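As written, the chain order gives the labels A, B and C, with residue 1 at the start of each chain.
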Amino acid sequence: MTDLTGLTMAAALDGLAKKDFSSAELTAAYVTAMEKARPLNAYITETPDQALAMAKASDARRAKGESRAMDGLPLGIKDLYCTKGVQTTAGSHILGGFTPTYESTVTQKLWDAGAVMLGKLNLDEFAMGSANITSYYGTVESPWRKAGDNRPLVPGGSSGGSAAAVAAHAAIAATGTDTGGSIRQPASFTGIVGLKPTYGRCSRWGIVAFASSLDQAGPMTRSVTDAAIMMGVMAGYDAKDSTSVDIAVPDYRAALDGSVKGLRVGIPKEYRVDGMPAEIERQWQQGIAWLKEAGMEPVEVSLPHTKHALPTYYIIAPAEASSNLARYDGVRYGLRVEGDSLDKLYENTRAAGFGAEVKRRVLIGTYVLSAGYYDAYYLKAQKIRTLIADDFKKAYQQCDVILTPTSPSAAFALGEKMDDPVAMYMQDVFTVPANLAGIPGLSVPSGLSSDGLPLGLQVLGKAFDEETVLKVGRVIEKAAAFSTKPSFLAGE
Amino acid sequence: MSGLLIEGSTGTWEVVVGLEVHAQVTSNAKLFSGASAEFGAEPNSQVSLVDAAMPGMLPVINTVCVDQAVKTGLGLNAAINRTSVFARKNYFYADLPQGYQISQYEKPIVGEGVVLVDLPDGSTKEVGIERLHLEQDAGKSLHDQHPSRSYIDLNRSGVALMEIVSKPDLRSGDEAAAYLTKLRAILRYLGTCDGNMEEGSMRCDANVSVRKAGDPLGTRCEIKNVNSIRFVKQAIEYEARRQVEVIEEGGTIVQETRLFDSRQGVTRSMRSKEHAHDYRYFPDPDLLPLVLTEERIETIKASLPELPDAKKQRFMEAYGLSAYDAGVLVAEQETSGFYEQVVTSSGDAKLAANWVITELFGQLNTAGKPIAESPVSAAALGQMIARIKDGTISGRIAKDVFAEMFATGKDADAIIEEKGLRQVSDTGAIEKIIDDVIAANQDKVAEYKAGKDKLFGFFVGQTMKASQGKANPGMVNEMLKAKLG
Amino acid sequence: MSMDKATVANIARLARIRLNEDELELYAKELSGIMGWIEQLNAVDTGDAEPMSSVVERLLPERADVVTDGGIQEDVLANAPDTAHGYYVVPKVVE
């Protein structure tokens, strides 16, 4: 039999349809792979029994000719999505033992479409990080290694468990969330596809909030087609989320077949940062060349305020987080460290329950909102956010999509960049502007660094135009024909 | 002048008061969740996952709560803000599960307005409304269930409140009480809050300061959660005197939150607590700005009931009532409705007003009953008044009939029949009684004829007495005049 | 921008996170660095730009005033570290 875990979702759906294998077989292969992948620490919670039961139900549906869009496909779920009856941790000690009595809207849609849950994937604590090193449940290791160097690498973050699992074939695909690049940057580090949809496209209901005005759920897959399939299931209006937007969900997979001829690709002149490696610049030029070959027209665009995006983000995201994380107080769920007064209970619980990075951001957020500083920091950041969003609106009068590198570097080793928070924050320099502007962004693997590590290109689109983003991403995917596999594969 | 002036050792002090009223919005469900907003139930049984601030839960606003706030704003003659913004007020407290209250800060749904307050001396005063905003109520902490633990019930958590902030236009406890009374009446007329202070659906914080006439505003203290109109008056009067005393003894007023102890009638500092109040308000990113269309506002405007001020004016003009009587009748919507039914069934607006205000209110007061539980219906009272007008009973007998109606719930006709109270209007019968009275009092007749006019009342009284009060008083008067010459 | 330990202690108190002396020192240093980096925004001319709270250019959706939730005391209390008689339990709060 073929290596079932080597298949893309699209190929697996074909195989299932043709009865080449059952979901039970596919799922069993992934349960084995999930176990084999334990050294990566990609999963916090494995749910093999649930997975096999769901697979069986899927096979039964298929036997009756009632199969659905993602029927029988075994997914990993970022442990930021609340899953009914299955512990949900957000990578934090403070949610220790928390088992939701409810299911997030997006995961419910996936189960309703027939998908199978393998388990809950590791992440940076409360999705705060770019290397998956801040989780209470330990760091996640990338399945990749530099050529001739066996030091463990980070998978990127915060959806590092999702990226590592998908890249190592320990899940056919995974959900991620992206607040400042948390889907796209780990996707580029691990050689997979990651899509951050337009803000409001996917419901946030039931996903542990980090920064409410920036958080978006999205798919992490091994192909652009898979991203289109999964996106079609995850997207949609949800009356339970006041910021979700009520517009019809298009057929993303069908959109991939359209032509890109005549589309204009914007190249932002400000996206060249100091110290950016030459190979990143080369990837970018290569990407432009591929799109040109496909009939697209490159145009230079200007995003003048984009250089302020990162510090702006580091005001807005921590401010919202400081408020969103106030509910973790040891009273209604999760960790409690007793104290002889209620305030002491709060302080002890939160001191023990939050890790260093979360504390850092909660403190920053509290500070920038506090009396006397609000105008100088928070209000100022909100105004700059308007300017950044306006830059994109103007740029999109001249182009249909924008092409940039996803990340300023390839994956780095565990232990690198860890003593300087600002150096770590620089990881998100190319991804953060899309979150601030609310627009969709896709990372597609485009090639290898000189060290043999994956690099990604980012396609940004107009709000709610994921179709064009995916279509252009598919062009890059075809041209790049990226086929290198990480040194560790769980699924063979 | 109903302002409170305090004569201190250094001169005369003026009291300045502004009130913040938290009024629970009348609605089925909570402000941002689908849980019930009803009062009283098993602990934590009217709580959704949103109210309990479970991870990933999000607020969705209740459309009726928005309409109710707009309606209230219109009833307060206030500006309705076409765009308002929900903000988070961040602080940690046992009964605040989110760690923040969703409220409105810089852009409330309702702006400045005005309330016409009826003062005890019969005058009126305009009191400014600063703003009205929508916000979530907190849960409830029970401190007396366990020696070392507090119990938390989130049933109230997330119920919609309107915070109605007055301008510092009030000058005494009396004025504050009158303002609250009027505000409560308006809310009840509008049906946007039941105004029940005992159950906590209307709560009041008072900002009190003192100053010498013409001086700028003094430092204020906030007295929290005073739960009856009477206590608000008491608390303000106590607090004003306390502040004058502190200042005159050389001290200064520290801006602080104080609690009113209703048993001792004093206000007390909520010790410590003060440090580090920094609410870090910012627009709630889980919600979008609330935009009201002209059409929506117009629809609500068209649905407004006649409010107390307009009704009072109409009662004076249409029914010829005095300002006082009209004011009394419109104070509660139930009363004014009852009164108008009595007018309809009796056909006499003035008699109806007298009977409702004097006899009905008197009996209800003695019985300790609200008008909704009156044993005498408006129709029954109207019918009784009609019997006075058609001469079946006299006004005096009517008082007995009414007392009987109130005690038994029977209608006037039944009581009149049963007790044989029908008024005697038979000329022959009255003439006979008068002849008997004249015959028995020949000495008085002589005195009367000699010019002692005052004795006329004596003959009337004797005649009525002899008829057991049933003789038609008008006819008695006429016939006596004729007989006595 | 340098943030002293007293400032950090104050915001830690607002955020209800207990920090010991060493942590105060550490965060004072780290936050000073981060805030110093953020301060580059002071130089940005924002003109008359409106502050943006959400990118969603839509009307706030509203729900009908219908009781659709509640009656789930068991779910509400399911994860609580301490409960009694249907209540959450915390150390006594002194008013």
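By definition in this document, a residue touches a chain if its C-beta (ideal position, glycine included) is under 8 Å from a C-beta of that chain, and two chains touch if they have at least 3 such contacts.
Molecules present, by chain and UniProt name: A = Glutamyl-tRNA(Gln) amidotransferase subunit A; B = Aspartyl/glutamyl-tRNA(Asn/Gln) amidotransferase subunit B; C = Aspartyl/glutamyl-tRNA(Asn/Gln) amidotransferase subunit C.
Only a predicted model underlies this, so the values are computations on that prediction, with no experimental measurement involved.
Peer 1: Whose Cα centre is nearest the centre of all Cα atoms in view?
Peer 2: C
Peer 1: Counting C-beta pairs in contact, which comes out ahead: B-C or A-B?
Peer 2: So, comparing the two chain pairs, more contacts are at B-C.
Peer 1: How many Å are there between the centre of subunit A and the centre of subunit C, using C-alpha atoms for each centre?
Peer 2: Centres of subunit A and subunit C (C-alpha means) sit 23 Å apart.
Peer 1: Counting in whole Å, what is the centre-to-centre distance of subunit A and subunit B, each centre being its mean C-alpha position?
Peer 2: Once rounded, the distance between the two centres reads 58 Å.
Peer 1: Between subunit B and subunit C, what is the gap in Å from one C-alpha centre to the other?
Peer 2: Spacing between the chain centres: roughly 41 Å.
Peer 1: Identify all positions of subunit B at which a residue touches two or more other chains, and write them in rising order.
Peer 2: 49, 52, 60-61, 92, 94, 150, 152, 278, 280, 285, 287-288
Peer 1: Could you list the positions in subunit C whose residues touch two or more of the other chains?
Peer 2: Counting only residues that touch two or more other chains, subunit C contributes 14, 16, 53-54, 56, 58, 60-61, 63, 72, 75-76, 88, 90-93.
Peer 1: Among the residues of subunit A, which are close enough to touch at least two other chains?
Peer 2: Subunit A, residues with two or more chain partners: 98, 101-102, 213, 239, 242-243, 322, 326, 329, 331-333, 342-343, 346, 366, 370.
Peer 1: Using the touch definition from the top, list the residues of subunit A that touch subunit C in their complex.
Peer 2: For subunit A paired with subunit C, touching residues are 97-99, 101-102, 199-200, 213, 239, 242-243, 245-246, 305, 308, 311-312, 314-315, 322, 326, 329-336, 338-348, 350-351, 354, 359-360, 362-364, 366-367, 370, 376-377, 379-387, 389-390, 420-422, 437-438, 463.
Peer 1: Please output the residues of subunit A touching subunit B within their complex, sorted ascending.
Peer 2: 81-82, 88, 90, 95, 98, 100-102, 104, 204-209, 211-213, 239-243, 319-320, 322-323, 325-327, 329, 331-333, 342-343, 346, 366, 369-371, 374, 378
Peer 1: Which of the residues in subunit C end up touching subunit A in this complex?
Peer 2: Residues 3, 7-8, 11-12, 14-19, 27, 30-31, 33-35, 37-38, 40-42, 44, 46, 49-56, 58, 60-61, 63, 72, 75-76, 78-82, 88, 90-94 of subunit C touch subunit A in their complex.
Peer 1: Given the complex with subunit B, which residues does subunit C contribute to the contact?
Peer 2: Going by the criterion above, the answer is residues 10, 13-14, 16, 53-54, 56, 58-73, 75-77, 84-93, 95.
Peer 1: Touching subunit A in the complex: which residues of subunit B?
Peer 2: 49, 52-61, 88, 90, 92, 94, 97-100, 150, 152, 278, 280-282, 285-288
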